[in-house]
Amino acid sequence: MMPVVAIETENLLQRFLKIRNQTEVLCRPLLPEDTVVQPMVDVSPPKWHLAHTSWFFETFILQKYFKDYQVFNKDYNYLFNSYYNSIGSRILRQSRGTLSRPPLEDIYQYRTYVNEHVAQLFTKLDDVTLTEMWPVFELGLQHEQQHQELLVTDIKYILSTNPLMPALLPPSKQPPVAPESLALPEYLPVKAGLYTIGHAGSDFCFDNELGLHQVWLDDFSFRNKLVTNLEYLEFMEAGGYQDFRFWLHEGFDLAQKEQWASPLYWVKQPNGWYRFTLHGLQPVDWNAPVSHVSFYEADAFANWAGKRLLSEFEWEVAAQQYPATAEPGNFLEEGLYDPQPNPENSQLLGDVWEWTYSAYLPYPKFNKAEGALGEYNGKFMINQMVLRGGSCATPRSHIRTTYRNFFHPDKRWQFTGIRLANK
Amino acid sequence: MMPVVAIETENLLQRFLKIRNQTEVLCRPLLPEDTVVQPMVDVSPPKWHLAHTSWFFETFILQKYFKDYQVFNKDYNYLFNSYYNSIGSRILRQSRGTLSRPPLEDIYQYRTYVNEHVAQLFTKLDDVTLTEMWPVFELGLQHEQQHQELLVTDIKYILSTNPLMPALLPPSKQPPVAPESLALPEYLPVKAGLYTIGHAGSDFCFDNELGLHQVWLDDFSFRNKLVTNLEYLEFMEAGGYQDFRFWLHEGFDLAQKEQWASPLYWVKQPNGWYRFTLHGLQPVDWNAPVSHVSFYEADAFANWAGKRLLSEFEWEVAAQQYPATAEPGNFLEEGLYDPQPNPENSQLLGDVWEWTYSAYLPYPKFNKAEGALGEYNGKFMINQMVLRGGSCATPRSHIRTTYRNFFHPDKRWQFTGIRLANK
Amino acid sequence: MMPVVAIETENLLQRFLKIRNQTEVLCRPLLPEDTVVQPMVDVSPPKWHLAHTSWFFETFILQKYFKDYQVFNKDYNYLFNSYYNSIGSRILRQSRGTLSRPPLEDIYQYRTYVNEHVAQLFTKLDDVTLTEMWPVFELGLQHEQQHQELLVTDIKYILSTNPLMPALLPPSKQPPVAPESLALPEYLPVKAGLYTIGHAGSDFCFDNELGLHQVWLDDFSFRNKLVTNLEYLEFMEAGGYQDFRFWLHEGFDLAQKEQWASPLYWVKQPNGWYRFTLHGLQPVDWNAPVSHVSFYEADAFANWAGKRLLSEFEWEVAAQQYPATAEPGNFLEEGLYDPQPNPENSQLLGDVWEWTYSAYLPYPKFNKAEGALGEYNGKFMINQMVLRGGSCATPRSHIRTTYRNFFHPDKRWQFTGIRLANK
Amino acid sequence: MMPVVAIETENLLQRFLKIRNQTEVLCRPLLPEDTVVQPMVDVSPPKWHLAHTSWFFETFILQKYFKDYQVFNKDYNYLFNSYYNSIGSRILRQSRGTLSRPPLEDIYQYRTYVNEHVAQLFTKLDDVTLTEMWPVFELGLQHEQQHQELLVTDIKYILSTNPLMPALLPPSKQPPVAPESLALPEYLPVKAGLYTIGHAGSDFCFDNELGLHQVWLDDFSFRNKLVTNLEYLEFMEAGGYQDFRFWLHEGFDLAQKEQWASPLYWVKQPNGWYRFTLHGLQPVDWNAPVSHVSFYEADAFANWAGKRLLSEFEWEVAAQQYPATAEPGNFLEEGLYDPQPNPENSQLLGDVWEWTYSAYLPYPKFNKAEGALGEYNGKFMINQMVLRGGSCATPRSHIRTTYRNFFHPDKRWQFTGIRLANK
């Protein structure tokens, strides 16, 4: 999964400690009670995330490379394995919300225990072991960053289901950008041709990005701005949720059944539309990119607008051709946890994940790794759609233009938005 | 619901504070995380119990009798109303497990706030108000005692669903009674006749016990000992769970579907049968009364044994005729939370609730109270069976021989056991 | 289950043939397609009823008493056993609607085959065998009559779920009785006392009626008229379905969830209320007894009206004391399949089954028969309510005042109505 | 959707009558009862297919082009509309099994009525109308052929759920081909390059095949023989169903939950494996292509074998390059309704639909038609996988190498099999 290069041990350990710490910073405002509940099966309790990411290092690094390592608690493998069949049986996903014990305090001790042992391990590593261990260790870091994003979205969902709608953080002071200051969206052209897709080079990437291969694309053009809340409101007010002609069949059925009539988290108050954020209930910022829409809604919006979504290949080539338009987006590190209006660039990276109309399938020559890590990506390549570009909950150092995220087309609790292309 | 008598204000307040404190003593060993989860719809999170019992006094006493009372938090009515439609909308029962907020700490403050205001109220009460208020206040005390029992059974269930099977309390030191020391069970006779059923006198009782009425009973005889774990094991080993002939149709279907093969909480280990208790996993005490069986299992056991269950009227008359056999049972105050072998009396009161084959129906002349308190008992009089006698989780001062408890016939998480009668 | 008496063989066979023929007369208007579908789990396809009643005689009579009897088809035991575990495995109740085969034609041949063999058997019966066989044979006749009622109600339900709402029979010509011609309802008194309940004498009865026993009743009075459609409309129009105060908790929840707002089969048209009958959609006859209400609705209506339902014991004693008021009701033989207004008597028998507030429980000394026939009644004695008096779909010769019918409190597809008592 | 060409009216009508007749020939062996049941939601009752295909011509041809056309029955639009929201409300898909009425006899009359009116219409058509009408008329013919395939698979499923497992047709006399006579499978190479995908020319095709576009393919090679029952048995016997490593996550979960352990319709008897066919239960023919496997099973098999499935583009190019290997396959017209061993060609066409690992998505430039016919294909382009090549239940004249069939990856009741490619 990763070419062998010279590794700077010191830097690697610093990065480990920094990322580990970042997870705890995220969770610090939570009460013990907040870390236990699981209001829907997609969401995991924060305590579980805190432990699972530690379990990953314990299982794949310490148990393998730390001589005579004693596990922190032998029950934790059962409790905090997510989906690795190779590593044994585990608690059912839908039962994660019953884990009142071990207490949060123990989990923080678990984290410290794992961190300290990793630090100790680094003092003794020879080059051969480090070279062997490095790809999995790097994967552990990336994995922890993925769970940072999930922590943000899961905490948001957990608090939103509470009738008190509690704010985790103080109200955001970001002044909304006035509409007139925003440039009008334009469509940027890309020429037909044979393009190379996938990750090249020696940096880290996931196995699902590997397998450089060529894809033929026809001429296309994509919009340099994300769809805004204001534009989405027009779709709502035009009856978009009620008009089957714009919808995929399964999407329309679901929207009717669940009575969807706006993005997730939008709440209509007597004085207008609000949305729930980690900073509490706030007025909708009309210039910000719309977020928390499912693939079905993104696709219906595009049809209503007479446009379409990009394929994941078009998206990747767009980012190749217009690199300057990607930066600077809004990422996890800003601590806003909310997509922002951005008059200056295309926001290809950051702010919201962009639904593509590509199904999540293996690239040609895709090969699963042997053993447990082969379960990381490949076994989910069915019934999901690819998203590109990262969001306001993604760590900046975690994202890249070849990154393939994937969710089922009905999911809404991630920061997911809409990029349009001309037909 | 209650005759007017002279009330000793001082004593009443003392009783209030003692009962309120008892609830908190029960909950003291819990971690904040333990107080949030709801592993099945019948179980409420402990935090919810702590708040709901306070809400009862706030809603029915303080808001009515305390001049200019300010509610602790205006959202709590929505959160902590259980089932009183008269008092407004409320959170869905199955969603109580999403209440990470308000934090446990706030709930303890809520309790203190309510207690202090009640104490203040008592300093100002005139006799007329006290007389008017008293029945509802007394109901509040009884209500809180009911929730003490539910706290014990719900906490037990919550911990049992945790894969770690944590013990809340230190291991119990009770030495098991050797089988030979137990007297053989006998059947005690009751003569046919017209008997009076229901509550008389000026003590507190629930509305469902009122309406003294006559019932004709034929001769019958009942066993002076509860069915023990050892006897129940014989039923299990004789294939009782697999033989439809002993079972009600719906019970057998359910037992098959849920793969019941022992009482709830029994766990087979290589060295024998254990059961989960608040003191952790412990070997089954063979002389103790069997507990945590559903009505279906109790009925099937009785059929297998060639016996039957008592009707609730027979049970009440048995207790009238043999009062000496009721005491001393094992109640909440003992702090054992586990039914005990008892060689000395019939355990009519305490240790386990005894399933009767009587459906929970109104007594003749039953009348619901006006307003919210009329929703206390009457609206549940369908599809449930009556249980009598209290359990090891019932406060001693809460139980009496006319007391009618009720659960659906499939429920097993209460301390429910078996009393036999001759056919 | 039945005392031995001299039996007139000839008459018995005639009765058998007449009852068997009656079942086929009922089914004659059906198309083969009608006999297959199962729109809800409570309903069995008519073909299944036709076969199952034959299976009963084949299994319990012919296979036991007819020397060298060859079963018509060895697969039929699996297909047409209803719930007798003693007789082997069987098709799941909810899968009866998949039985496109065997074709209806085969089932009619099966019926003829069984009838002919029974007739043959009667030519050879000695008195000893007849005496032994008779109780089961009589049970087979009663069983077939029970299924005649179910055929009427199941066919009605099957046709009602068809969007075409087809009429099975020509429109009924019964002129509705004008309201003014009806006497006002009165309440008939019954004195307090010790009464005898249950079946006595040598006539047939079911095991659940046996065990003569005494019951003490207080003074009560019951209404001499059933609740009419007009009275029920008043309840509807007074918001009865929306006011929780009148309802049992589980009933109100169900009514809300299922959006009940009228009896089953009522349809609001621009020109008023209609109801579906076997004669097609017809205007509601306001003077006829209300029908197709659940126990929950019957109980809510009674609470709204400031009255109550009778217990099954009160009902039985009422029928003992006022025998003249029972006749003549409207039964299956009339072929109307619809309850009728009746100005002349109390309709205790016929027209609609009357919900009582008694749970279906064993009488004292109830004993299940050995073997398969012991599964007839006893195993259903949980979670159901007793109904009394028969309906317009009950054969006249099948009903008696000690007869205990039973359904779950949510069921509405039987002809079930409301009799009131004073509180 | 279709270029305008000279149309031979006479031939078109002949083709219409022939196809309409073919549907009835298929259904002739059915009893009325067989045509009503719906054992799972994917399956429609045969009566519904017979009516729905007629409704298509009535709605889209006769109502539009036949002057003063009177619909056969105004209720039929509600009953027999499948999924066209544009044409109004309709019966819920899962309720098609309640349609005991209209009787089968009426549906045959409906078919005749529609046929006669279409024939009449053809006598009066002018060229302009014909040219306008023709694409929709042709679509109606193709649509009817699609339902012929569904009739075969739905009838098979309906009969298979009957405990009697009735044979619709006499036992097949096809002698199984001895294994030794079969040539060993080989892998046929295709060179890397830019290939053209999609339908060209003036023949009929569906809208989802349109939009000729280029796709870059790397070198690949595909097996010239389908996977046989014998090969699939090896997978089963090697524990393939229990080994998560070969499976997609959702597939493995489903297989465990549904306890899949063989293809659908396989039944293990004491003397070996049988499978249910329209000719009754028959021994598995080990040389025949495996059929009735889901995408999940096809994919797991390929992984176990160290191979992979083809993409839909690879499949189409394979058929372009090796046209001679496609013929002669086994189609609907043979009347065998069972895939056959074929030693002589690759069976790219006929026998079994071949799962590809391509998700069913729009081709570039895909455009939905306006109005109801725009709902034909496009709204299903989510969560489904593409299948290619037709089956033994596909009419020969209906299939072509650009044809894109699609089903959800868990479906097994179609004739679906496995084609392997080298990795």
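Of note:
Letters are used for the chains, namely A, B, C and D, taken in the order the chains are written, and counting of residues starts over at 1 for each.
We adopt the following convention: a contact is a pair of C-beta atoms (placed from the backbone, for glycine too) under 8 Å apart; a residue touches a chain by one contact, two chains touch by 3 or more.
Keep in mind that this is a model prediction, so the values were computed, not measured.
Using the contact threshold fixed earlier, the set of chains in contact with both subunit A and subunit D is empty.
With every chain reduced to the mean of its CA atoms, the largest distance from subunit C is reached by A. One inter-chain figure worth recording: subunit B and subunit C are separated by 38 Å, centre to centre, where each centre is the mean of the chain's CA atoms. A straight line joining the Cα centres of subunit A and subunit C is 60 Å long.
Remark: subunit C and subunit D have CA centroids separated by 47 Å (rounded to whole angstrom). The set of subunit C residues touching two or more other chains is empty. Those residues of subunit D lying in contact with subunit A across their complex are 83, 85-86, 194, 213-216, 218, 244-245, 247-252, 295-296, 357-359, 361-362, 364-365, 374, 379-383, 409, 423. Considering their complex, residues 31-37, 39, 47, 75, 78-79, 91, 95, 97-104, 158-159, 161-164, 166 of subunit A touch subunit B.
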